[in-house]
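Both of the next two complexes hold chain A, though its partner changes from chain B to chain C.
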Partner chain A sequence: MVSESLKIAGTERSPEIEFDFERGFLRFRGESYPEDASAVFGPVFVALDRFLAEAGGREIQAEFDLAYFNSSSAKALMNIFLRLDSAAAAGTPVSVRWLHAPDDDTMREFGEDFGEDLDHVVFTLVAADPAG
Partner chain B sequence: MSFDLFDTEKKVLEQSKILRERLNDAPEEVRQGIDVLIEAFGRSIREQSRLVKVSDRLQAQLSTLNHELTRRRAEAEQALSDLQTAQESLVQAEKLASLGALVGGVAHEINTPVGIALSCASHLADATAQMRHLYEADDIDADEFDRYMETATDSSGLILSNCRRAAALIGSFKQVAVDRTSAERRRFELGATLNETMASLGPNLRQAGHEVTIDCPPGLMMDSHPGALSQVLGNLVMNSLIHGFDPGQSGRISLTVDQPQPDQVRIVYADSGKGIPEQNRGRIFDPFFTTRRGSGGSGLGLHIVYNLVTGPLAGTIVLDSSLPGTAFVLSIPASVP
Partner chain C sequence: MLAKYYRAFKEDLDQRGIIFSFSGYLSEGILYSLGEALRQKMTLEETDIGTVKKVFSVFIEQSQNIIRYSAEKLASDSGGPIELSSGMVTIGSENNRFFIVCGNVVLANDEPRLRERLERLQGMDKDQIKAYYKEQLREAPEEASRGATIGLIEIARRASDPIEFDFERIDPDSFFFCMKVSI
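Now for the complex of A and B:
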């Protein structure tokens, strides 16, 4: 069975990334404007592709708790959403929670925009105070 | 590990190129149309990737600038707070220095009556010892007894009056000192406070031979901060002594009080010194403005005056340039709000 997990500590410019294979739980938290977005998100794509290939339809919960991201991070996020939506279309139960600070209209609007393209994923916008 | 953000789009592009290969039998216009689409999609991917790069660079610059801005702001705030701390401690030091000068003045002033009382007491003790000697020898005549009685009466009278004077001085200095060191608000008679304060500055004034006049309506009661007022006068006097008069030159210092309105008190402080040069008049209340930096001036004397008058005393102070010498007009409420 799948038992590996991915855990990348956050930096000032890149988010904390956690992918618990056991629970099927993927989380991004922090800010994302790295020099090289593909280096930061590359491992996530690899892990996600392997999980989807090996876990055979097990449920995935993804949580995005981001305060800021740059354009290439946005592109990477869209790639992740595309993979998740394809998996959901193929029958994997996928739920996505998009967290934003209550007063952060920009992050709320980004969440709404991303949600528009997710036809098969259960998408929830959550106004919450930033995690300590 | 490198990963292409446009990996998905590029795979789709590859797929469409393979599909295009399988359309070799289709009509020429269909093939050309598909070629145009594939070319347009490829260009679109390249353009998107360039736009993301440009956008990333702008965002990175913005974030660097933001960090720099935050850092500089923190630095500026720190510098401001350091400056305020330094200024506060200088103001405090200046207060202590003026209190030190006050103590010096008190010691000098009390020295005279105590010295007189001491020498009278000593003289009386000598005369008494002599009398006791004559008494034991049973050798006192009426004249000698008369003389001794006169000496005893005179001496004890002088001792009493000088001790009373010393006690009165200590009393008034104590009031001035208490007022100086506390920010207490109380009811006081303005004339008495002006007199006590000028008396405490007496040694400095008298040494230089300056004439001091105080013209204050009797019985004018105020409900305010006498300590602040006393320090204001002290600083003004020290300024006159240091800046207004040359060494050896003696002049006049006057305090004139009137009430333009029942609830307002106007105190005009004036000296007959050389006045303040016109180019300095706009800056005299600024902190650290001094013409005597080299010789120990802190540049805080008039700044403290200004703060005390506009702060605790809730009034205004202006330089009146219409009079010769230097004149300050203090307008303060008889009862502070």
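Now for the complex of A and C:
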């Protein structure tokens, strides 16, 4: 039985991260340019690996609502996408929503680039005004 | 004398189009505050969002490079986690474009590899830089680089012209390294 969840409050330079195991819902929101990206994203890798090991192929819905991230955060995000894509290849249904502000070409392009690299995840780009 | 001296100093900065310039020990807290001031200034002047994002991104990558790689560091005696890196970051505008310049001391041993990386990026067009970025995103970080390659590629991606850079030898063991990006 998977019951634990991960919830990390956002800071000035790191995103709010929520992983609700019950719903299989993973969300990143805010900005990400911490000094040490591995310290911020490390717990997500651990939680994701545990969820995938214990959840027996249950669906994952992930939402990325990021306004800005630096290059080391981009590497961490790629790492998460690679894990999600291999889980999807092994039969776990995975859907990703990538949110960007309608006039933010940089974040839209990042979304397109990540989406192109994923073969098994259902990837959707969503142009939306940032949540309050 | 005091006012005359510092007025001349400030006028020199103003004439060079400098919005702000920071020189000294740079921390992540300072980086955050300078970044916020930069975004506020550009937003107040109704700079378009794409330009604000590009300038901010180059500023963050350059500043984090200084924090990680500057050879001029102040570490606590106990060898604890407190460590400050020295360098300078300057942002300004000239000919209707923004420029971001960083400068810091690098070890002579690190100079050839940094030069080689930057020359490689200078020789690439936008599509090649984007493809290189995507390729490096999947790579494990090079030993001791702590992610420098991807940071430099991000800077090259946001730049409107190829990155300008220069090294000046300080002594047998070190160089002053400088990089200028226009947007």
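Please note the rule applied: the second predicted complex is superposed on the first by the 132 of 132 C-alpha atoms of A that agree within 3 Å, B and C clash if a C-alpha of one lies under 4 Å from a C-alpha of the other, contacts with A are read in each partner's own complex, and residues count from 1 in each chain.
Methods note: a contact is a pair of C-beta atoms (placed from the backbone, for glycine too) under 8 Å apart; a residue touches a chain by one contact, two chains touch by 3 or more.
Computed from a predicted structure; not experimentally measured.
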item	value
Which superposed partner A:103 touches (first chain B, second chain C, both, neither)	second
Which of chain B and chain C A:76 touches, first, second, both or neither	first
Chain B versus chain C as contact partner of A:33, first or second or both or neither	both
First, second, both or neither for A:41, with chain B first and chain C second	first
First, second, both or neither for A:119, with chain B first and chain C second	neither
Which superposed partner A:129 touches (first chain B, second chain C, both, neither)	neither
Where chain A meets both chain C and chain B, residue numbers	13, 33, 35, 70-72, 75, 82
Of all residues in chain A, those that touch chain C in their complex	12-13, 33-35, 68, 70-72, 74-75, 78, 82, 101, 103-106, 113, 117
Residue numbers on chain A that touch chain B, as the complex places them	13, 33, 35, 37-39, 41-43, 45-46, 70-72, 75-76, 79, 82
Touch list for chain B against partner chain A, complex	1-8, 48, 51-53, 55-56, 59-60, 63
Chain A contact footprint on chain C (complex, rising order)	28, 32, 49-50, 53-54, 56-57, 60-61, 64, 67, 130, 134, 137-138, 141, 147, 150-151, 153-154
